[in-house]
Amino acid sequence: MTTTLTIGFVGLGTMGGPMARRLVASGFRVTGYDVSAERAAKARDGGVALATSPAGVASVADVVLSSLPDPATVRRVYLGADGVLSNARRGMILVDVSTTDPETWREVAAAAQAEGVDCLDAPVSGGPAEAGLGKLVFIVGGDGAVLERCRPVLGTLGSDIHHVGPLGSGQIVKLVNNVMSIGNVAVAAEAMVLGVKAGMDPQRLFDILSTSGGRSFHFLKRFPNVLAGDFAPYFGIGLSRKDLSLALAMAAKLEMPMPVAAVVRQVYEAAHAQGFGQLDMAGITRLYEQWTGVAVRGKAAGS
Amino acid sequence: MTTTLTIGFVGLGTMGGPMARRLVASGFRVTGYDVSAERAAKARDGGVALATSPAGVASVADVVLSSLPDPATVRRVYLGADGVLSNARRGMILVDVSTTDPETWREVAAAAQAEGVDCLDAPVSGGPAEAGLGKLVFIVGGDGAVLERCRPVLGTLGSDIHHVGPLGSGQIVKLVNNVMSIGNVAVAAEAMVLGVKAGMDPQRLFDILSTSGGRSFHFLKRFPNVLAGDFAPYFGIGLSRKDLSLALAMAAKLEMPMPVAAVVRQVYEAAHAQGFGQLDMAGITRLYEQWTGVAVRGKAAGS
Amino acid sequence: MTTTLTIGFVGLGTMGGPMARRLVASGFRVTGYDVSAERAAKARDGGVALATSPAGVASVADVVLSSLPDPATVRRVYLGADGVLSNARRGMILVDVSTTDPETWREVAAAAQAEGVDCLDAPVSGGPAEAGLGKLVFIVGGDGAVLERCRPVLGTLGSDIHHVGPLGSGQIVKLVNNVMSIGNVAVAAEAMVLGVKAGMDPQRLFDILSTSGGRSFHFLKRFPNVLAGDFAPYFGIGLSRKDLSLALAMAAKLEMPMPVAAVVRQVYEAAHAQGFGQLDMAGITRLYEQWTGVAVRGKAAGS
Amino acid sequence: MTTTLTIGFVGLGTMGGPMARRLVASGFRVTGYDVSAERAAKARDGGVALATSPAGVASVADVVLSSLPDPATVRRVYLGADGVLSNARRGMILVDVSTTDPETWREVAAAAQAEGVDCLDAPVSGGPAEAGLGKLVFIVGGDGAVLERCRPVLGTLGSDIHHVGPLGSGQIVKLVNNVMSIGNVAVAAEAMVLGVKAGMDPQRLFDILSTSGGRSFHFLKRFPNVLAGDFAPYFGIGLSRKDLSLALAMAAKLEMPMPVAAVVRQVYEAAHAQGFGQLDMAGITRLYEQWTGVAVRGKAAGS
């Protein structure tokens, strides 16, 4: 029964592309759209049928997924002239897997509900590799029954599906988590460079700290790469700046001071301004290296 | 052989008191000193002989340990008129277990070396309970051979002795670690309150985040207490302010910008200013609660 | 000749209301609109004809002025379904006197130009009193010839009209100026409270500083009020938060770090969070008073 | 009578040197000391007799002035083994003209009082040129009668002598003023570069802002130089870092949060770290230029 769901997919880029192709490979009929002809062509090569607009995608889909860069694009794709909701049909489900913000999605959902269309926010953890292997983690906000109807689709793409609360809570939890991840990395970069500037050997310092109270998940995960001089962007400085901006905008609407996140964002902006914007978020270490003249990177034991 | 070492102990407070008493209980002869008659009397009740000055302690000790509140006190205790070094004897070893700063201790060590006296910096992780049970963790800077001579003493007090490098590196590693711990807690408090302000249930949010990428050692360790409304100061806001100040002073001497730590320190100062200064460092959550009107504390499931 | 211009006015609030009424009193025919029936009624009592939408205003006006709270409202008023541009007529001029952001207004202007309609951005300095007296200062961006056609209107409302550059530059200069004003006030509040906390008499300290290098226009203008305990919002903490947010959003689009403004914004947010949000921007002094337990306010000599 | 006062001068550097030479030129007998033989020799060429220690200076002086780089040096010069107070004589007056901190000077004054020696803190505004011309501004803390006894000396060096309160208040007012000056400059640099990055012409922007509410004394004084590309250090980034550190240390002792000053200090540290440490404090503009790729400097009209 469930495999008869037909899928629409708007946004076929770094994350959306592999997700759409995996759905095809798993037996779903998928129709996609992307503003970039190049990205669309790549998806078509993976078996994705192409539409010429989000509205076109909607016209043939039971479930529309989207993976988009920012709230303004989400709004346009769903609410715009040629948007998904211009072809809304009762019983359709819309699932945004982008990390955007709860308000925008609630605005889309309110418009959708008026047409008998259900919505979920389902931002993901994991990168393109996990997308291709169906090993993403979904953090889902919305109605539990709607999630059950989508489970065949999300279960094809992800190994874990956390239902965290009502509509919008997927976005909230994702942003909160990312603020913590990015903040912990900035704290670690600053502290590591302080230690090295004070004379410690980088690898020795990492070895001690990795068993001490100051450790965090991302310190353990990313700083071995830093020591090896590897800054390939698993989750980059650009996404860090974006997610901190989204979280700070959410805090501003809630009238909540977030001084630490505000400064962390400025430090990432400085790292971008000094030319490190294409690196992994742990590449913020490079900014501190430049400020101090010491090297943490490339200082792994034996390297 | 080694148990014939006689011990001097300057600073018999929260940490020094239990350490000195444990050494007595383990068979060492210990002579101590504290500016507070009350603290000194408590140590005497535990079998510590009392001297009337740091110099008096030094006159009868092979190894002098000190547990002191700040670099100025360290300087006075060792270099002052009635200080330890006024009774320096060749072959004596001085071990400061305070968290202070590498420069002060190197200054003491230079003066000591001129008298044929060796020094170690050996700041500890763990609190009074661990001190009493001999379960402290020592982070030791200094000469390895000197450490070996002290091992019977430190091994009585601690379960782990990490030799991290030359003189001063114990202090460096300790400060770097604490900057990370305190920073991670501030990041977590800010993020948790953001999520709760946005509508999430605190316990539910903690449960998800505790398995997500944003987690850190101290998030997992301390926030269950926060949810239970327990802010008993295992490591308090006062110590957090002190250690951030020491780290920022070290960075200033090294001419290194530390914008994140600088703002974290200001947030802890604000928490202190608004009346939360006696709480555990995770009590910074209270500042954000006050700013937002939401409650994280006392919101553990079932509480 | 020029008095034959008919005026439309969207947004009849704190600033727009007095401006519209002054135009009426000066002989212009003015048609206005406001979402608030109450504000609209007040304008009608001052001789402003009322329309039922921005489109209705546009249908009878040669020059449309708007005074609106934020960029989203500007967009809706001009580009929305019942917006000004839905009744665009060739030769019409649109003048936004709000402090918003250059990008939004350029977006409106691009849409307007396609209809043969010209635009100016003309944010103002001065408050309701100056508006009623025709003593506002306009900072105008846009084509000089277009400005000349509007001069009879703007000259009725303001004593100074600065033409600062092409379209959008009025907004840029206004935001840059306000970032400086607000920043200088925060700096002054923090410094004044430091001095008082250290033991200085507030009035004595102000007297010395007001002739010293640390002085600024707003320090001289606002801190006598602070000393008198008068925090009536000439330019309030709410507008300060708004303008800092707009400037930071502009900087984010330009990929420019603004660490000082970012922290100043957080301090204003904290002042709002602690209950001072309705005060004048110099009311940020209250936050520091609360943090330190000293009083600057109400400490004017003789008070 | 008063001209029979003999003067001691410790610290014959950038400020102390010209001050000592001016006193000689005005008919005072001056004996000086400096750790630098080169600086001492230069003073001798100006007619200053040389002593070999602060104690030596004290042995022949009725009034000892000092111009020193930091609190630690002040402490050593006055309280150290060969310090001024080791030759204290009843009726002697000590006047520190450095910008240091109130606590250190109060500590010196307490020791001095025990010997019947009076103290003033008298930090100055103005640079070497003003020192040579007797046009300094003194901000004096201490007893008014003591100040009267020194007036012939201070009146020779300065055109304005502000008596601001009891001992230490000269330092407090000086630090408060400098925090404001430095903060206003940072705010202005950030704002100016924002405007230029957004497309404004630097000179045009300065011209408008210099008559707007955002202006400050140092904006008007220093930014014409910035536009001319002149960053000669009238008051440099090094002194800015020093004075911000002193103010933040004073705030820390008073348990007062100073988030804006804390971040301003970090931005100056970053400017130093990126190679602008030798420039005037307005040279912080260079940091923002580097971050944005625009030029404010060298953009004066006609340049």
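For the reader, a short list of remarks on this structure follows.
For reference, chains read A, B, C and D in written order, and residue numbers begin at 1 within each chain.
Definition applied: a contact is a pair of C-beta atoms (placed from the backbone, for glycine too) under 8 Å apart; a residue touches a chain by one contact, two chains touch by 3 or more.
Please read all numbers here as calculations on a predicted model, not as lab measurements.
Seen from the Cα centre of chain A, the chain whose own Cα centre is farthest off is D. Looking at which of B-C and A-C shares more C-beta pairs in contact, the answer is the pair A-C.
Each chain gets a centre from the mean of its Cα atoms; for chain B and chain C, those two points are 51 Å apart. A straight line joining the Cα centres of chain A and chain C is 37 Å long. Looking at chain C, residues 255-259, 263, 266-267, 270, 273, 291-292 sit in touch with two or more other chains.
Taken as a contact graph, with one node per protein chain and an edge wherever two chains touch, the assembly is complete, since every chain touches every other chain. Across the complex, chain D is touched by residues 259, 263, 270, 273-274, 290-292 of chain A. Residues of chain C that touch chain D in their complex: 102, 125, 139, 162, 164-165, 168-169, 172-173, 175-181, 183-184, 186-188, 190-195, 197-201, 204-205, 208-209, 212-219, 221, 247, 250-251, 254-261, 263-264, 266-267, 288, 291-292.
By the touch rule above, chain A contacts chain C in their complex via residues 241, 245, 252, 255-259, 262-263, 265-267, 269-270, 272-273.
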